[in-house]
Amino acid sequence: MMSNKIIEELYYSKNDEWIKVENDIGTIGITDYAQDQLGDIVYVEEIKKGTNLNKGDVISTVESVKAVSDVYSPISGEIIEVNQAIIEDPSIINKDPFGKGWFAKIKMDQPEELDELMSASEYSEYRKE
Amino acid sequence: MKLIFEKSIPGRDAYSLPTDLFQDIKIEDYLSEKHLDKDKKQLTEVSEVDVIRHFTKLSKFNYGVDDGLYPLGSCTMKYNPRINEKMATLSQFVYAHPLSSAEMIQGSLEIMYQLNLLLCEITAMNQYTMAPASGAHGELTGNLIMRQYFIDHGEKRTKMLIPDSAHGTNPASAAMAGFEVIEIKSNENGTVDLNSLKNAMDEQTVGLMLTNPNTVGLYDEGIEDIEKIVHKKGGLLYYDGANLNASLGIIRPGDAGFDVVHLNLHKTFSTPHGGGGPGAGVIGVKDRLIPYLPTPIVDFDSNEKKYFLKDTGKKSIGMVRSFWGNFSVLVKTFTWILSLGPENLYQCSRTSIINANYILAKLKKYYKPAYDQYCGHECTLTGREYKKYGIKTLNIAKRLMDYGIHPPTIYFPHFEPYAEETIMIEPPESDSKEVLDEFINIMIKISDEAKTNPEVLLSAPHVTPIGKTDDVLAVKKPILTYDDELNSKDQ
Amino acid sequence: MRYIPSTKEQQREMLKEIGVSSFEELLKNIPEKVKLKRKLNIPPALSELELEEKIVKIAQKNSNFYEMKPLLGAGAYRHFIPEAQKSLLQREEFWTCYTPYQPELSQGTLQSMFEFQSYISRLTKMDIVIPSIFDGASAAGEAALMSLRLTHKNKIIVSTLIHPHYRETIRTYLAPHHIEIIELPYYDGLVQYDQLEQLLDEDTAAVLIQSPNFFGGIEDLTAISELAHQKKALLIDIIVESMSMGILKSPGDLGVDIVAGSAQSFGMDLNFGGPYNAFLATKKQFVRQIPGRIAGETKDKEGKRAFVMTFRAREQDIRREKATSNMCTNHNLNVIASNIYLSLMGTEGIYQYSLLNAKMAHYLESQLLKTENFEKILNYPYFNEFLIKYKGNIEDLNQILLKSHFLPPLSVQSFYPGNHFEQTVLFAVTEIFNRDELNRIVDILS
């Protein structure tokens, strides 16, 4: 099985979400492993800007031909920006899961939650075949 | 192949009209333009010959049980006897209006009443409702019955326990009945983990939905413990009868302690699958649940010596469909049971169990089984070990088509740790040893091809009317009607 | 036994290959206590000859229904089905096969679904069609649940002129979801419009209306949809007599959001109540919330047009407890039955037959009213069913008709108890009658 891409400076959740932290803003997406498992993503459920989330809440649902997966927020906070591009063209997530395939930007209100997430090497271990 | 719409030519027709068209009546005198459509609905204009040729050709693109082995696990694709069809099409049954008065439908009511007695004996239950139209419909009905039972007893139970190996309809039905689904993991042997069950079963739980043998074809050796655990906390035990073909004359769900049972008449009882129905998912219950059955059921008045439709009373869950049941399916079931009798019903199960174990024994060194144990009427192999050749179970299934065989069930069931890349094979009793041997030889050949010539699997199928379909395109650019197709061309 | 080909010898060979000395070894996981230790107590096997005789005798305890044309509809209509349809349905490839999960081996089934979807789309003027829910009642139940998912509201308004079985089924489907069900009363054979205005509020998810309704009446769906939409509620149109679509305006032109339609009139015999089939039809934007299987068009790897089941992620095998419905097996063979029927009827046939149904019903009513024995108590526009009051005893009416081999109309009181319907019946007339028969009916009843 080909090895999936991992990006060093990101944090990772057990549900295959990643978060990129810049000051108190976290950008969230799903990992290369996740998009590979799903196959061609055909639908992404609308994400509402302004929603207040708790860690573990469902941000969105992605759908492929053979599977459906909830995308959970790895941290608590308010959704301040939504990536409309992936709603319009879900294939972006497959093509560029760590870059253009981002889902939402969240203003973190409990940055300590990041300690509960995995580092790149920890996630790599976790998802080793 | 062309759509019927593409064969339409203005001026053609396939219908006939009586000479008296009631021209003396002007419908505009009664219905205004508020209700009448000023235009005709545009369907098609084809001749009867066109229709016959179109559908004859279409039928040839399908593969049916009459064409050969159809080893779909969990579906019991057995022979559909022709006498069943003939009995179901007797004119006194076919033209009977469901709302006719009781004295006119004694024959239909007798079929339903007698069938109830037969099914009760076969499964050790006390009363069946014939209302549910499919297994899932039966599951919903059964869940609603259990829900009503607890409401009636003043108990607030909101959770339903369902094994991770269960068919997707189980949790979907429980959710439709308003329950929270709690998943029970399977143990190393592929059966219900008794500790998980014990921990999850409490007084807020309705009970457990169980398929036995389960979806990988294994009888649950813990069935007595399961029954005790669930009933001890006042719960109810639901039997998903999809796999009853492994149990006829061998084990009856009622004897094993089940309170609610659904049967798939279009599986175990030989009524045809019809390309996806109609079947029937009749529900059997023990005495204490009879008050909650959907209304009506058929009863016999021993004074009047007449059958009648009886309202099941105030505690009934109501109705789950209009009228009384999928009657023609019931006639076919009745006919089949009487054709077999007790010895042959047992032989159905005995033969299908031998069939499945035979395939398991012959193929396990080529396709690693999910669980290497004797199975019931179906066995679950996997395509796990072909990953290293770049081959998935899907590719094996598609290659089978090139050999003229319908693939078994693939990717179901799917649960940890071993049931993945599954190939679930159910060879019912209507398939003989030669048929199985042919299948086995082909599977061995494909195993060889996977290792030496994987490309031929990856590009399969080759000889079917169409090749592998682009399912992603179907969702991304939905064309769900002919008009969608026309509109997409305009763009 | 003729359905179980394996011989004893073959089974012995197979047991040997399996590596067991007896069959019972394969059952060792079944606890002894639960094993059945006796023969099933059911009648011994009958030969095909004996069986046929037995069942024919049972069938003969029914009336000779073929000869009895029904003046009774109420959710099950006897229409003429051309022999070509029955003949085509005999083809084993249509009825012995399974759900079309493997599209390469099921284009017959899938294309048929797609064609039926296309026909219903044109008849209803709705974008998307689910070709098979078990029957109109369960389809109505599923439509109600769908409206809850779409609106996240908790009230449903249900017309009291919906078929009583359908209403009961809707209640059963909604029971676990803590939904307030508000009944919409009727007046003069149609739903009470001003009552609807009062009953609708911001929490209403949907208004369910049957049209033509149980009394045969054609509801004003345009006006109802305007009211419903003002409160952001969906309008669900339940169609029980699909033949009505031949001449009546399509629900899509009347502001309907979801149609739950019984397709029984399109090629299914009465069969004592089932199996029938129903469709759901709705707007494109609701596709992810609609339950049931749907066929879509795509291409195969060579670019050839092909049909597949699509939008599968809504279904139970993928979504499990989060599925739009638990539906798996549906009534697919009846989809093919209707598809063939509609192909045989065509544009003209459906129009002409539908028109004939309406004309003949109105003819019968006008002739009955000319006699002294009948009275029109309600005045509403109808398709092929109408209410009428008989000035005599209903039992006599029934006996007179039965004697002349007609199945009597429905006594309305059985479904709508109340003195005002004491002598009221619901006549249904379809194209299977001819003028002489209708005249004779009037004759014997006057």
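Which chain is which? They are A, B and C, in the order written, and residues in each are numbered from 1.
Note that in this section a contact is a pair of C-beta atoms (placed from the backbone, for glycine too) under 8 Å apart; a residue touches a chain by one contact, two chains touch by 3 or more.
Fair warning: this is a prediction, and the values are worked out from it, not measured in the lab.
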item	value
Most central chain, Cα average position	B
Greatest separation from chain A - chain, by CA centre	C
Rounded Å distance, chain A centre to chain B centre (Cα mean)	38
Between chain C and chain B, distance of the C-alpha-averaged centres to the nearest whole Å	19
Intercentroid distance (Cα basis), chain C paired with chain A, Å	45
Residue list for chain C, restricted to those that touch at least two other chains	318-319, 322
Multi-chain contact residues (two or more partners), chain A	43, 64-66
Sequence positions of chain B contacting 2 or more other chains	471, 474-475
Chain A to chain C touching residues, read off their complex	43, 63-68
Chain B-touching residues of chain A, taken from the complex the two chains share	1, 39-40, 42-43, 64-66
Residues on chain B engaged by chain A in the complex (per definition of touch)	387, 471-472, 474-476
Chain A contact footprint on chain C (complex, rising order)	288, 312-313, 318-319, 322
